[in-house]
Every structure is written in C-alpha cells, then in structure tokens.
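Pasting a structure here, questions to come.
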Amino acid sequence: MSESEYILELNGITKIFPGVKALNQVHFQLKRGEVHALMGENGAGKSTFIKVITGVHAAEEGHMYLEGKEVHFRGPKDALDAGIAAVYQHPTTYPTLSVTENIFMGHEIIKGGMIQWNEMNAKAQELLDRLHANFKPSDEIGALSVAQQQMTEIAKALSTNAKIIILDEPTASLTANESEELYRIVDQLRDEGVSIIFISHRFEDMYRLATRVTVFRDSQYIGTYDVDKITNADLVKAMVGREISDMYPKPEVKIGDEIFKIEGMSRTGFFKDVSLNVHAGEIVGMTGLVGAGRTEVMESVCGITKPDSGKVFLGGKQLKVKKPEDAMKEGIILLPENRSTQGLILSWGLGRNVTLPIQKKLAKGGIFNDSKKENELSKKFLEEVDTKAVTIFDPASSLSGGNQQKVVVAKALAQDNMKLVIMDEPTKGVDVGAKAEIYAIMGELAKKGYGIIMISSEMPEILGMCDRVYVMCNGRVTGCLNREEASQERILNLSMEHSSNERQEEAV
Amino acid sequence: MENKSLWKKITGSREALLLAILVVMGIFITILNPTFFSPVNIGQIFRNNALTMIMALGMLCVMLTAGIDISITSTLAFAGMTIGMLTKYNIVNSTLALFLIAMVMGCFCGAMNGLIIAKGKVAPIICTMGFMYIWRGMAYVVGNSQFASGEDVREFAEFGKDGTIGPYIILIVCYALFFWMLKWTKFGRKIYAVGSNAEAARISGINVDNTLISVYTIMGTLAGLAGALSVSIYASAQPNMQYGREMDVIAACVIGGVSMSGGRGSVAGTFLGALIISIIAKALPLVNVPSIAQNTVKGVIILVVVIFNVITQRMVDRQNLERREM
Amino acid sequence: MAGKSGRSINAEQKITAKKLLFTWEGALIVLFILVNIFNMNISQSYTFANVLREMPKYLAEMFMVLPMAYILVLGDIDISVGSIVCLTGTLTCYISNAGAPFPIVILGCLAAGLICGVINGSIATSFPELPSMITTLGTQIIFRGIAEISLGGGGSVAYNNTKQIMPLSTKLGKTVPVIILVVLVIAIIFTVVLQLTTFGRSLYAIGSNKTSAFYAGVDVQKCRFIAYVLMGLMASMCGLFLTAYTYGANTTTGQGFEMEVIAMCVFGGIASTGGKGTLIGGIIAGLIITLLRIALGQANVNSQMILVIVGALLIIAVLIPGIKGKIDEMKKLRAAA
Amino acid sequence: MKRKVVSILLTAAMAATLLAGCGGSGAATEEAAPAAAPAAEEAAPAAEEAPKAEEAPAEEAAPAEEAGAEAAEAATGGSDVSGKTFAIVVKSAGNPYFKKAIEGFTEVIEGNGGTVVVKEPSAATVDAQITEIQSLISQGVDSISVAANDENALQATLQEAMDAGIKVNCFDSKVNADSRMTFCNQAGITEVGQALIDAVLDLSGGEGQYAILSATSQATNQNSWIEAMKSIQESDSKYAGLELVEVAYGDDEPQKSTDQAQALLSKYPDLKVICAPTTVGIAAAAKVLQDQKSSVKLTGLGLPSEMAEYIGADDAHSCPYMFLWNPSDLAKLAAYSSIALVNGEITGAVGDKFTAGDMGEYTLTDGGDGGSEIILGPPFQFNPDNIADWKDVY
C-alpha cells in the first residue's frame, strides 16, 4: 500500500498570493526515513511549498496526507504537533533570547504551571552536545554566528522529536567544515528514523545526502528522480527548462593599465592586510567562503564601513573615501549583495530607484529634482538592461528577483562617471535567463574599458567570467589566480587553507 | 575565555549595574540626610510610587513586543474617575467591587488599543495617542466637573491609607505574578518571542495578533488597577490625575533596561528602574535640591543610562571583533 | 547594449483628476471643504474674519508641523519640541528683559532653538542605535527642566517690553496677522524642499529604506541631523510667536504640543514609520483640525469633547490605509484566482 | 470602485464622529443649565452669610437656613441684561471649586435675563485659555470674566477683547492691570496673609517651626499670600517665635503634594505647623498627617467638602481649622460687576460703586498694581463647629 510507504504526501497543491500563483498543482511524496532533496531555481516555489507543509500558508487547493491520513493544518502549531519541524533558509531565531529559550520556544517543558528551566537547560546542552556545538545554552543568539544560529534551529527541530524535519538551504551560509558537520547530523537523524526534506542549490549536498530528488520549476511540479539515476545535465535541464549553451559570454578584451589598487587594508575582526589591483577592461573575481571578508573589503572601499588602515588608489590617485557618496563621486560603483535591503527601495518606483544616486547631478541647480530628465534617463537605462516592467513607476517590489537585479544594474549604469564596478553576488537568486543577461552586460562593461570586480561564491561564474580571481580566506587574501591557472580545486584549496588550522586552534 | 565571561557578566547584567547605581544613590542621600533610610520613608517610596511601579509592569510587556502605550494615564483617570463617582454617589461602595470595576474598565480600554494595533496594523504610539485624548476626555465627561475626595471616598480610601498594607500587597502580588508570568509561563515566552522576532514567532505557530491584544489588555487592566489604587491612596479622584505621568512609566522601563525595539527586558530591571525614578522624586526634597530641578535630574539620568548602555554594547562588540583570529 | 528585446517601458505618468482625488491629499481636500460646510452650520461666528483672528495660536503650532513631517518621513520622532518651545519662550523673555534690542532677542531665541536641535541631532546621529523616542524623551524632560530651573520659584516670566515684541502679533491692514504670512512663506519653503528637492527625496529614501539609501550615497546621518536642527529652529519660531501672543512664558508653555503636532502630521497621511505622506497632506490636516477646533469652540462644545473628537478622528484616519490595503489585497487575490 | 467606497466611508465616518461628538457635548451643556438651578438653592446660604463674616479668625458664621428665600429674591434683583451674553472662563475643566463658581455666575446672569457661556479649558494652561477667549471674541459676547492661569500671558488676547468692545474682568486669579477692567478679589492679600499667619501662630502655641506647602511655584495667588505672610511676620514682634523652614511646592498634584508633605515631616522633626494655602495641597497634607497620626497641625485654604474628613479639634484630626471664601459668591460678585460694566454703571476706575444684588454695595479699590479690584471680604473660617453645615455646599 502506498499509504504506508509514504509518511507525507501532497497532491495538487495550489497557493495564490496577491497577483501571483506561487504554487500550481504540485505533488510531493516523502518516504519514511529518507532524505529527499527538493530542488529548483529561486522563485520556483520551494519555500512557499515548505510553508504550506508547515502550516504557515494555507493552500487554496490540494490535499495533504500524513501517514496516509488527510490533514488540514490551520497554523504552524498544528504542523508542529503533528511532528513536522522546519529549519528555514534565513534563521528565524529570536536574537534577544538565549539558546535554550530559542530551542524551546513554543514547546517549553512545563510542570505544575512552571517552566522547568533547569531541565530545559540540561536538555538544550544535551542537544548541543549531540550536534557537537561549540556554544552554551545560556548564550544570546544575536551574538552567535549564522552557522551557530542554524545549529540552534536544528537543535530546535530535534527538540520537538519531529518525525519530519525540513531543512531549507541549510548549507547556504556554512563553511565546508560546518557543512560536513551538518551532513553528519543529517545522516544521524536519518538513521534514527527521521524523514528529511532538504532544499539546496548545491548539487554536492544532494549527491551527498539525498536518495531522491523532486524538482519544481515556475511554481510547477516537474518530476521526482532517484539521485543515483539522473545525470547532472538532465537535472539542470529539469530545473531551468532548457539547455544552457553559452552561459558565460566572456568577451575578448584587451586588458589595459592598472586603474585600481588596494594596499594593505585592514579592519579589525573582518579582514587583514588586503591588497589587490584591477586593470582597465578586466573582470576580477573575488571568491572564498561566505564570511571570508570579501564583501567587507569592498564595503570599506566604498565608504560603507571605515577600514582601520590601508590605502586605496584609483587611476594612480590615492582616494579619501569617508562615505559612499565620496566613492561614487570618484567613479566607484557598488552593486550590493542584498537587493531588497541594500540595493533598492522596494516601495519606490523603478525610475526613482535608478536615479537616486544621481539625483543631485540631474537636479536643476543641484537642488530641485528634474523629474522629466530623471524619467527619460531611467527609461533609457531600464530598457538597456531589458527590465520586464510596464512603466518606470511600477514599485520595485512588484518585480521578480532577476528583474530587480537588472534595476540595480541600471542604477549603476546611470552613473556616467563610472570607472570601477563592484558587483557583490550579482546573480544570487537570479533565474538562469537573467543570469546570462547580467553576464552579457558585464562583458559589455569590460569592453568599454571599465574595471570590474565580481564577488561570487558560484564557482562556474567565477571560472567562466573572470580574468583573474582573488581568493580570500578568513579575512586574508590567500591567493590570486589567472584565468588559465584557475580551477575549482585550486580555488577551494586556497579558500580553506587556514580554515582547518584555525578550527583546531579553536577546539583547543 | 574566563576573563571574557566575567567582563560580560558585569557589563551584561543590567540589573547588577542598576543595583550599584541604587546603592550609590542610597548612600549619597543618606549621608546628606540620615532620615532617608528609615523604614517609614522607604515604605512611603513604595506607596507613593505604587502606581508607576504597577504600570511599569504593563509597560514592560508592551515594550517587550516593541510597542508603546502612552494612553495609560488617561485610562487610569477614566477608570479612577468612574469609581470615584460611583462611590461618591453611593452607587457602589464595596472596595473589592470598585477595584474590579476599575480593572474591567482598564481591560476594555486596553483591549481597544490592542485590537486596533494588532488588527488595524496601526503604529502603537499613534493609536495610543488617539486614545490618550479620548479616555482623558471621557474622564472629564464622567466627572462632570466634580471631584471625589475626602469624605466621598472615605470607605474606599481606608484601603490605601498610610499605614495599611493594602497597596504593598497589591504591589508584591503584581510583581510576583509578572515575574512568574514572564519567566515561567508559556504566555511570557510568547511575549518575548513576538518582540524579538515577530515573523519567526508567526512561523513557529505563535498567534502574534492575540499576543499583542493580550499585552495591551494587560496594560490597560493594570492602568485601571492603578486608577483604583490612586483614588484609594490619595483619597481623591480628579479627571486630570497622573496627567503626563506615562512618561515616568516609560522612563522607568527604559532605565530598567527594557529595549524599545522589543524582546529585551526583565521584571527585576523594571522594578529597579521604577525604584530609581521613585527615589529621585522622593530624595530631591530631602537633600534640599529644589524640586524644580527634579525633571532635569530625571532627564539626565535617562540619557546617561541609555547612552552608557550603548557605549558598553559597542565596547563588547569591539572586543568580540578583536578576539576574532585572522 | 546586451540582450535587447526592444521592450519599451512607459515613462509617461498619467495624472487624472480622479487619481488625484483618491490620494490621501485629495480625500483631505474634500474633507476640508466638508469640514468648512459643517463648521458654518454649527457656528454663526464662523466667519472669515473670525477664523483669521483665531488662527494665530494654532499657526504657532503649524511651524512645528513642517519639520515634524521631515522627522516622521525619516522614520524618527521628536517628542521634545513642546519643551523647546517652553525653553526658547523663556529665554526670549529673559533676553529682552535684560535690555537687548529686538533683533538680538529674535536671534537669541532662534539660536536657543537651534542649539536644542543640535543637541537632539547630535545624540540621534552619534547613537543611531537608540530609538529617537527615548533620546527625545530624555531631552524633553531636560529642556523643560532647564526652563523650570531658570524660571525659578516664580515659575513664570513676563515680557516686560511688550511694545518691542508687538510687531510679531500685529495685523497687516488690521485683518491679516503677520504670523499667517510668516507661516505661509515658511510652509511653502518646507513643502517645496520636501517634495521637489534632492534633500527631500533623500529624506523619503532614508525613511523607506535606510540601508539602501546609505548605499546609494545618501548621507543618512547628515540628513537626520539637519531635520532635527530644523525642528529645533521651528520650535523656537513657535516659542517666539507664542511669546508675542502671551507676553511671557511659564512652565506649562508648549505642554502637549508635541502630540498635537504629531497628530496633525499623522492625520495628514505622514506615517510614523517613515517614507510616506506629503507635507501638503500634513498642512491640510493641520488646517482641518485647527478649523474644526475653532468652530467647535465657537459652538461652545466642551473642550474635553473636542479632544475626544480629535482623538477619534486620528484613530479613524490611521485605520483607513490598513482597511484599504486589506480590500486591495482581496481584490488582487480574486484577480489571481 | 473600491477606492471610491473607501473615500466615501472616510468622509462619512468623520462626519459621523463630528456629529456624534457634537451631539454628546451639546447634551452636556444643556444638562449643565438645569443642574445649576437646584445647586443655586444650596449655595444660597453662602450668598447671604459669607461676605458678612467677621474678622479673620471669626468664631462662627453658621449658614442661615432662612436666608434661602432672600437669596432666591436676590437672583432676580439687579438690572436687566436680557439679550446680553456673559462668558466665564475658568482655569481648567473638572474642578469642583470652579463648578461652584460657574453655578453662582450662571444664577446671577440668568436671573437678570442674560445668557451665560461657560468655557472650561482642557488644561490649566495659558494656551488653552487663549483659545477659549479668542473663541469668545468671535462669538461677540458682551463680557468675559476670567480666572487666569497666568498674570501676564492673557494680556494681548484680553486687550483684543476690550478693543472689540467686550467688558473684561477677572476673578479668583487676576491678570495684570493692562488686561482687565477690574478684578474681583476673593479676599485682600493682606487679609489672607494675616489670617494664615495668625492661624499658624495659634496652632504652634506661639513659637516653633512651620512650613508652607504651596501649589505650583508660579501660582500668582499663593505667591502673593506667602509674601504677605512673610512681611506680616517680620513687621510684628509677636510672630518672632515662628520660623518658616521651607516653602514646598506640590504643583497641585495629589501625588507630588503627598511627597512634599512627607518630606517636610521627615526633614523637620520639630515641625509644628504646616500651612497649605491651596486646596489640593491641604487635602494631601491633611491625609498624610492624619494617616501618620502626626502631632503636626495643619491649616490653610481648603474646600470644606474635601476637608470635612480632617477637620476636628482633637488629635484624631489633622486640621483644627482652615479658611476659604465661597467660590459661588466670588463668581456672583464677578457676575454683578460684569453686569455693571456692561450697563455702563462702572468703568473699572477706582472709586466706582455698584450694587451687587442682595450682596450689597461694593466699591472698586486700588489693587496695588495700577488696576482696580473689588474685595469680596475676609476669608471665612471653617472649624469643627461649622464644617458639617458646609461640607455639602461646596
């Protein structure tokens, strides 16, 4: 009987948000004690699907069966009670509370009307030990690293004695070692009989852990495959819907003179003694693990944060950058990593977003906003990057991730004094089609002779697009590889060189 | 590692710091005026500030959810004025009944705040500002230009008379109850959760709206209780009673380490914060600081305490960064 | 450039009368007209001349609506303004009573307000972690405290040389109070700056998303500082004109103004959470509340009742966007299905 | 479409609120008028007796029940002012003292055929009073009687009123000479000061420490009485044994007054008398003393209804006797003087005379500040013998 084989089964789930169909008739089957990967591009509906399972969202259509019985969750509480726990992509911790409080939030141990703190602390310690965590139950969550917060979330899921645990991109912000630790934990859980749904963008995760994989695309169910029977190419095709041929249109550009240089820049606690340079027409990659200090270096260059020491040169001239405006005046443009919180004002129209950095330049007499000029200009640049929008007055929040990123690019292009472009994870959360377009724009910019720095964690785009790659590890530049020298192995090697040593030190 | 935890304990424990400030203040005042540290005086500090102290508990809950309530003294006046009139005209004379009526009224006022803030998604300060005007106006309407005082409330005032233990018992019960509620019950956890990360709370199955409504209802109920207590202690009900004192209550919480952005704060801290505010009010006349300087001293203390807190937090962050190896 | 699909994006904004009417400001204008009709019905004394005459006291508060709109648009709040009014009013009297010529008196008053604003601004920008509600609560108590101390045992000070300050409370052509013209000019400047200049745009950017604004090169702390300083300055204008109308100051001067001013802004559609609303809305709302209070006063409605009405209006006004949002959402849901 | 509905709802809701608010308050004002009538009967004895009360520490002045009829007659006496509107502006809403004043004022004006407009500002601030007076100017009333929250602050507004032809007088708390035509003073400053210092002397047994618990530090009346007390004390050697240790300010707030009273007790163990020339302060202090069973005695100015609880000659009561005038009479005097001003009988010049109904004839005297004043009479003493008769009156 199929009912007994599947611990969780969902049929024909449809979820509608204002204006969009987030899920359209999707299916899903989870076997008892299996690790099931759920894959798909950003915006494919994975996260929404998870929230339907955990009762956060109520589906408009469809049925859900838990151990063969149909269930209707009215809220997250019901799902928790039914033994389904989730660890979300962005840790949903309570930053002001302790680890114990976080773990037991919502299912405190209560005896005689009193919360049993001692028992809970002991239990929390037990859970943390089980996960080999290096922090204490009494620590405040806000002070912990993202990885540690993630671990707390897993401990929380464990503490509910859940039968089904959902992990939504748990490795996204973990280092290789931490990921390894997580794999171990997942294996352990599976052996204990817990069924696990695992969402990840990393193929590595899937191969390492899952036995079956379900793919979603454009809010629809595409198929479920056995991991050992499907090829990588087929899986990619299932995810993006077509074969990607020329993903990385790296143009042949003659590299010019050095235009940008950082010398010995340090910022306590973030990076130390960083030096690098960029030539005209060159695309320079910066990679390394999340938290290696790549973004922080570039933020210091752009005046977002203040470095403790170091010099920055642009076109041979030493710069004094105190605030972002200074960097912009010099022609250093940053496309920040996080579109919704750093790159765009989501409630504003596209046009206003594009012209915000240059409003002073456009303004009549430097004071009065020139709406006409602004509209024309933003129209021009938004069209140039081929944004899918009806008018320039559409709020940025109404666009998809890829199109939002294009608006950020248009915003950068609009700055006519541009000399150096720093792109921080420009393709993060962008669908494949838009990705290719962004790479193309990057190529065009290089052709025009601008210097480009691309911060990225995605190996293929680093290898595909960059002339040179700087690798950072734990706040230091550990190496610089030419296009010819660069390979996945060498980059990984450089990005982890110190990690293992440091790990040992910490353990002592 | 050991060093760090010790340092962290000292700077991290807001309560210890406040206690130290209190002790220093106490010693200082006692040197200037030895009568300060007498049982009578200490008793009076608690009695005269019972209202602030009780309402600070409710404000603690409200601020834990990242909200604020500036309508409390209006609620207090509305409830206080109503029972004052009831007993003046001998409609209700039972002390217990009057207390209950005041609390039910406060509960209603608070629930209105909660409903509009939770369901209408209105910023707490704006919503409670509206009700600040409304309930205060209602207090005048109820009073119809009458006070209830002295003889009118004689029987009721017996409860809060100097020398009786009624107000102290209410104070102790409230603090014990809230200490228990916030630390030892599920509901208390929910309040912290909603203030610390409302989205996470929603995802983990906490009904955020209901928690908010409850919190404002609790605040209102306490304001109603404080209204009754005010009438009893001062043997007078006036429509302008405790006008402007909501800021004292907020100040007590802020000094006590309750974060305005939610999720952080404790009953012990609130108690100490309220105590500091009370002692300032009590001590200044005793040490011959003209009472007109009272406000300035209070304002300076609020700013110093919050800024000191920010600076220590920055130092701790800085130290954490420096410890990071590279 | 790359990937051009020839898609064109519309950059023409169609402004129709209907659209304008359904903005908050449009609704306020309609309400403004309705309120005037209502006012004329409840009070026979509601004539243009009488309204002009009664306006000045309220207009003094209107000075503060202008910069308060800036501060609310930033997503901040300043509850110390009532105290600044008190402090600057007090100082104005002392400066004049010490025998200073009138220009010095005015400058002294404005300088005092400026300093208060600088203090607020410095604290707010040096400690951006602190909610502005707390820091201005502190300065609220301190500013009034300083005024109380300087007023001393008497608690009030008279402006002895009343002839000197009279020009501020005179009426041009015996009908139009000077203050109306001053407020008008300053209101136009503030409105133009907020709605039409790069500085105004920056304020909205900060209020909508502080981080994005910062990344886009907006000097967040400088803008906040300027807003607080303007707030202090305008509070001192209020203090100055209030002194001109009361020939003195006392410890209760300006009490509760902060809430009235914030109420006017919020009623005008300027959200306390930042980034929303226009000063035009704030000003119309201020006028609506003012005219309503004048007419209700003329009809001898109980002053407490007036407060209840203002409070109720405020709550209804802030509830409407939420209700409208819910309706729009339901509409979209239906469209998607 | 939905938008339209929302907008309509918005405007409708607002209109509804306005109407509701208006209706409610309208009812309230109407209610106030009939309420004044029965109250007037109660106040009547006071009308008869209080002004005639003898010297300050008068032994007794029992309210004469038979005076009721006379008072009713008084209400109809005086000159006719039908068609004229008289406004009374009190310090703030919700104060029973002024409630009595309003009743007295209304009784006289309506008894003479005039119309009364009552203005109770929302807060006891100058700003609120200015708004109210401005509104009265718009309405074109004939006379304004104001109990000022600040001596100078109303000058511009009141001058504007006088320029508009409105007669302005003040009662209870005066405005400066430029802002008024005359001032109905409840009691001469010296008389009050004399009465209070004599009471202190009496209660202290001739010597010892005493303290004053006042209202706000800027309260005009209290400050002038305290000054009067001080100068009388200095001028006469019989007060040499008295020592004023402190003037504390309770800001007319029960809580702060309580704090201050308690502070006085703990700071000055040898304190013999507290004098509180303010109704809120005296009530708070009375409660503190009585609750603590302190031997310190209290006197000052207080409302009989609030103080009945504490007045008594034995040790169980904290206040042997205190003083006040009848607010209703004071307002009646203000009403009569307003009528006189409106009818042109007086101009506000020193030496003018007018008849205040059955209260008799009054003369405008020099107020000592460049303006004229009308003194109601010396303050009236409330003691254990008469308090029972007065406590239900006001």
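Structural remarks
By letter and in written order, the chains are A, B, C and D; residue numbering begins at 1 in each of them.
We take it that a contact is a pair of C-beta atoms (placed from the backbone, for glycine too) under 8 Å apart; a residue touches a chain by one contact, two chains touch by 3 or more.
Predicted, not measured: the structure shown is a model, and the values here were computed from it.
For the pairs B-C and C-D, the larger set of C-beta contacts lies at C-D. With each centre defined as the average position of its C-alpha atoms, the distance from chain B to chain C rounds to 30 Å. Distance from the chain C centre to the chain D centre is 37 Å, each centre being the mean of its Cα atoms. Centroid to centroid, with C-alpha atoms defining each point, chain A and chain C lie 42 Å apart. Rounded to a whole number, the gap between the C-alpha centres of chain A and chain D is 72 angstrom. The set of chain C residues that touch two or more partner chains comprises 151-153, 155, 255, 302, 304-305, 307-308, 312, 323, 328. Not a single residue position of chain A touches two or more of the other chains. Shown for chain D are the residues in touch with two or more other chains, namely 24, 28, 93-94, 120, 123-124, 217. Contacts between chains, counted with the stated touch criterion, involve the pairs A-B, A-C, B-C, B-D, C-D.
Against chain C, the residues of chain B that register as touching in their complex are 68, 70, 116, 120-123, 125-127, 129-134, 136-138, 140-141, 239, 244, 247, 250-251, 254, 260-261, 290, 292-300, 302-303, 306-307, 310, 313.
Interface residues of chain B, counted against chain A in their complex, comprise 180, 183-186, 189, 192-193, 195-197, 199-207, 259, 262-264, 318, 320-322, 324-326. Those residues of chain C lying in contact with chain A across their complex are 1-5, 7-13, 196-202, 205, 208-209, 211-219, 275, 328-329, 332-333, 335-337. Across the complex, chain D is touched by residues 33, 35-36, 38, 40-41, 44, 48, 51, 139-141, 143-147, 149-152, 154, 157, 161-163, 230, 234-236, 238-243, 281-282, 285-286, 291-292 of chain B. Looking at the complex, you find that chain D touches chain C at residues 2-4, 6-7, 9-11, 13-15, 17-18, 21-22, 24-26, 28-29, 93-94, 117-128, 130-132, 134-135, 137-140, 149-157, 160, 176, 216-219, 223, 247.
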